[in-house]
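Here come two complexes built around subunit A, the first alongside subunit B, the second alongside subunit C.
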Partner chain A sequence: MPKIWKFIRKNAKAWAIMLPSLVLFAFYIWVPLFQNISLSFYKTVGTTKVKFVGLEQYRLLFQSADFLKALGNTFEYALWSLVIGFLLPIVIALILNEVVHLRGLFRTMIYFPNIVPGIAVAIMWTFLFDPNPYGVLNSLFKTNNLWLNNEKAVIPLIVFTLTWKGAGATSLIYLANLQTIDKVYYEAARLEGASAWQRFWHVTLPHLKGQIKLLLIVQIISVFQVFYEPLVMTKGGGPNGASSTLVQLIYQIAFEEFDAGKAAALSVIVALILFMLTGLYFYLSKERRKQHGEITK
Partner chain B sequence: MKRLMVLITVVLFVFALSACKHKDEKIVITIGMWPDETAKEDVEMFKEWKRRFENDYPQYEIKGQNYEYNVDTFLFMAETGTIPTVFQTWFTEPQKLIANGYVKDITDELKALGWYDKMDPEMREALSAGGRTYGVPRDGYGLGLFMNLKLLEEAGLIEDYDHDGKLDLYDPEGNPLYPQTFDELLSMASTITETLEYVAGFMVLSANKQGGWQFSNIAWNFGADLQVQENGKWVSKLNSPGAIAALEWIKKIKHEYNALPSDVSLSYNDWWSKIGQETLAMCIVGSDAIATPFVNMDKPTDYPYAFVPMPAGPNGDRYSLFGGTPYMFSAKATSEQVMGALRFLEYMGRSPEMSDVAKQSIEDGMQVALRKGMPILPSIKPWINEDYVTYMENMEQMYCNVNMNYFKDFYALFDSMKRTEEPYYCQEMYKVLDGAIQTVLDPRGITVNVENLLTTINNDFQKNYMNNVN
Partner chain C sequence: MKLRNKTDGILNFSDYKKWYFKLFYAVLILVLLFIVFISVVPPLWVLISGFKDPSELFSPKFSFFPEHFRLSKIFDSWERLNVGKYYLNSIIVVAGSVVSAVLFNGLMAYVISVLKPAGHKIIYALLLMTMMIPAVTNMRTLLGNIAKLGLMQKYLPLWLSYGANVFYIVMFKTYFDSIPKPLIEAARLDGASNWQIFTRIVFPLSLPIVMVVSIFAINASWSDFLLPYLVLNSVPDKQTLMVRIYSVNMNPPSGMTQDQILMLIGLSIIPVLILFGIFQRQITDSVATTGIKE
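Up next, the complex of A and B:
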């Protein structure tokens, strides 16, 4: 009996359990993924391949001002999301962890924006950011700010709304982790005379470190996929393309221009960027751990 | 083995039987314009049209599908063959749908029914490619100026001269008080903004390709031709003197007169809410959208809204961009289905046929519109056969429920003003013009050199698109 059959027979039950997931995974993830890569090398009419063009779609994209603008904007979104949205959930979680009374109420309140549908959040903030003198925030603060119509402010403001919606949920993940820290460590630190800051730096932070790294990558990946917020809040990436994103450009090329080949090429580029960023992160992280002697080989 | 063979034979036989078309199986037509079930009166009207149609054509079965054309879903539905047999789309879409093979060539069916020559030739052109026609127009539209007369009165620009309780759009000598030129529009918009708090005198669209769409009309009136043939080649003229003057006018009304809303990105969805909330006095809209603020903002049909011809440019050029809302047919539809769907349009009163059943449906539609409090106005006719035009004009006159003094000049002048969109890469051209308008509307637009800006986008547009035409 060939080795492969022996292997399969030996693990038959495990394969049987995994089979439905593998089939669904292959059908919904791997097949479309490879089809998408293949599509990116063709000129298409609708989604039908009509001519093999090699890397032509990629060349056209890199020559397109819209692509370069969206690429720059997407990195800007990622940067602002780190500035505005990365530390906030950790801070909220630390505060919540210290709350003694009405903890459940505060948790619910923090999580509440997350249960509001994303489109509703985008529309609500669009109303609040109305740039006219009668706009809600302009009336409230007696200002004439352009808000989302200001090219320089538009991305930070969109990231602010993303953070408003998403920070609560992330905080609860951190909070769950914080509550698993054994109190013994804090007591020992207190006995050693550690200040609050030292307890945070030497006890809390090392415990959260793994999760912070994971959520950082998740955050960058999700910010790279920002789509409907600029679509709704700035009428498709305005003012003058200042808030357009790569995913929004994919949508525009695929669904408005019906150019599936070029949209597929752009999707591949986005995937490659994320792949490289994740790889870079893991490389740097591994190097750092090596330096600290956490990895021996 | 024998048992297996018998089993396979039986299975194949059952499959073959199920694949056979039953002799009296009906031809199914899916009608995408079917109203949403919450619009009970409209649904009842469609059910009655379906009953009449199926009674006269028993070989067909009508299935209603409330399908609103949407770029989010269209590609998937077209690829999977689930778009309705006939559906309504936007005026911007036909050429794109034709180029990608998502809609059916219905030239032969139109000729067989005798409808081909009855269609407005300019609308037919917009629905055609390579000499073949792919749709029928539901109705036409022309761009004009929509005005909230209440705000004009508050700004002291008009009044009720004859004291009949209605604001007058003409002075006692009969001279129109609405803007005849872009200079007058600028002056009136500026007066409104200065006089009334929180009210913008005028609005310039700049997003979703709708800024470019309306800008092309403004530019024509300033004397521009945006695409011309030179030595047998098509050339883009986005930086012609007329186009520059038009964008300079936008710069002036924004930065010198401050008569526009603060928004840099404005789309066609914004006008009716701003008009309805009385934060905007005047804007350019299509005649097919006049009912929107009445319906969406719940205004009575005698509310003082007016729709007047586009103002003229400095040299007297005065055009109204003309287009139509089309019905198109799934590329997967058979000729029999297309014939059935076209005939059903007759039962909806949306065809050139003036049969009893068509007349009855037109009247049904008018009565439902009246009960729903919609304004009934003249329409831009998509069909040109005399019996259709005469009948529609009589019906519109009979059911008219608005003060026609606020609308009559647009319809009186429209035929002499109408002009169709530029011939090539219209949507792409509108997109680049959107960018130019947003650059000017931005606070930094005050210092922008309009000629340089338009020259840059013109060169790009020529290189990326127009060179493909030649």
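Up next, the complex of A and C:
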């Protein structure tokens, strides 16, 4: 008994200090998450549970064309974001690391798009991609492109928009990593007669590999969070839901179709996927720190 | 010539004695200039096009600059579009959000990094696991709970939402972890309480990270749209600038022209532009060290 008392007394103050923050996390994240899980097994009117239906909501989801379309789109987003958005920050970082003139200014200007509000970015590119002849890019290049109205182009264009906002910031993360490479490695390689390409391939790239793996997962995770852009740029999915994403579909089901149960089931699916990806991320980041000797046990 | 003294990186001064590496360097600079151009020009176009006449925006002949530039148009639009009111609402939301972002996440990180009570590891793991789950997935049930507490159409749920941000906790914790532990141990041996350790040692040493988190929180809550939109949807008088822009863009009220929408977007960018202008160093340095982008 006194042992438990001592244990509580030792920890009570610290627990009390973090209690308000914990209440906020519970309110904004954990409780809604569990409510979603519970809600997803019910048929609902508004947010009121009407009838327990087991896995029926999930079955209906997997049969719905909207869900399958959004799921397929998400993979397409992921593919395009690897093509357009994955290599670019690495290349920018490599260039920034070599350039000695105006480095600070380049760094700042390239980061700049990341601070422009997301809604402003989405509306801005909608203006630029205006399909009319007087649209900005159409009138500038004297073309008649449909841009976002073209079912085949809409996902790459939205990925381009995401990349425009995010690539500079990501490149700074790579740049910080590149700057930790000790120049003695390059000197040693040079003494061995390694060409510039060999120095890049055998010194720079291996050093960057752990970071690349981590940011690859972050990139895939970020695809599952695409929401503003299809909502604003294609007014919620575009021609035949060509650009709809899972998260945007959650919003649509919850706030336009008012089907809380179905939205909850979809939320649970998305949360599960992201749980697994996040787990993978932390596993790899632990491995990486082990290799760098930052974790000793 | 800086190239002659360059000793770091893949290419150094000895490489740059060769003409083809000099040419390669010129190409690198050109690529960077091109990327900077793409990064900077679209927002500039928005800022400038707000000054155009509506007819210019419907002309198939492209021109970057307006035919007639009247600086006073910005003040006309400010009044006509009621921007002052939305600015004020946004500022109220931002102010409360920053306070709660620093206070709640700072305290949580202090407990996890310094006090380390039993169970702190489990809690940190719980925080990290839910880090990547997008807000939209929880929005329907969260909104139901907000309504049950009678907090709809109020700013309080918007302010407090910034108190539960794992990214800020990670930023704080990374920083607290770097404070030398002997300093804290010595204070404890001298009989300082946890509260004194926080207010006299940890907090004064942490002003730089408090500033960085504040800057990130200002930018995030100024740009925030989803929760403010859903909570303030039915009270136009309390809407923030971003919520206003979203509503106007989705269903333009009669009389709102394209140049006015652009002006509104331009006016939403200017404050973050100023913020970035002042604190660019702190912002880019923090991204580089913590790997957290926003």
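The working rule: the second predicted complex is superposed on the first by the 242 of 297 C-alpha atoms of A that agree within 3 Å, B and C clash if a C-alpha of one lies under 4 Å from a C-alpha of the other, contacts with A are read in each partner's own complex, and residues count from 1 in each chain.
The rule is short, and it goes like this: contacts are C-beta pairs under 8 Å (C-beta built on N, C-alpha and C of every residue); 3 or more make two chains touch, one makes a residue touch a chain.
Just so it is clear, the structure is predicted and the values come from calculations on it, not from any experiment.
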Contacts of A:Thr278 with subunit B and subunit C, given as first, second, both or neither: second
Subunit B versus subunit C as contact partner of A:Leu22, first or second or both or neither: second
Partner chain in contact with A:Leu146 - subunit B first, subunit C second, else both or neither: first
Touching partner for A:Lys235 - first (subunit B), second (subunit C), both, neither: both
Partner chain(s) touched by A:Phe106 [first = subunit B, second = subunit C, both, neither]: second
Which of subunit B and subunit C A:Ala254 touches, first, second, both or neither: both
Touched partner set for A:Val45, first subunit B, second subunit C, both or neither: first
A:Leu55 touches, of subunit B and subunit C: first, second, both or neither? neither
Which superposed partner A:Pro131 touches (first subunit B, second subunit C, both, neither): first
Greater residue coverage of subunit A in the superposed arrangement, subunit B or subunit C: C
Those residues of subunit A which subunit B touches in one complex and subunit C touches in the other: 47, 133-134, 235, 254-255, 260
Subunit C-facing residues of subunit A, complex: 7, 10-11, 13-15, 17-18, 20-22, 24-25, 27-33, 35-36, 39, 47, 92, 94-101, 106-120, 123-125, 127-128, 133-134, 136, 139-140, 164, 166, 168-170, 172-173, 175-176, 183, 186, 190, 196, 199-200, 203-204, 221, 224-225, 227-228, 232, 235, 247-248, 250-251, 254-255, 260, 263-264, 267, 270-271, 274-275, 277-279, 281-282
Subunit A to subunit B touching residues, read off their complex: 45-47, 65, 131-134, 144, 146, 149, 151, 234-236, 238-241, 254-258, 260
Residues of subunit B defined as touching subunit A within the complex: 71-72, 74-75, 78-79, 96, 99-102, 198, 200, 206-208, 261-267, 279, 435, 438-439, 441-443, 460
Contacting residues of subunit C [partner subunit A, same complex]: 2-3, 6-12, 14-15, 21, 25, 28-29, 31-32, 35-36, 38-40, 42-43, 45-46, 57-62, 104-105, 107-108, 110-112, 115-120, 123, 126-134, 136-142, 144-145, 160-161, 163-164, 194, 219, 222-223, 225-226, 230, 242, 245-246, 249-250, 258, 261-262, 265, 268-269, 272-273, 275-276, 280, 283-284, 287-289, 291, 293-294
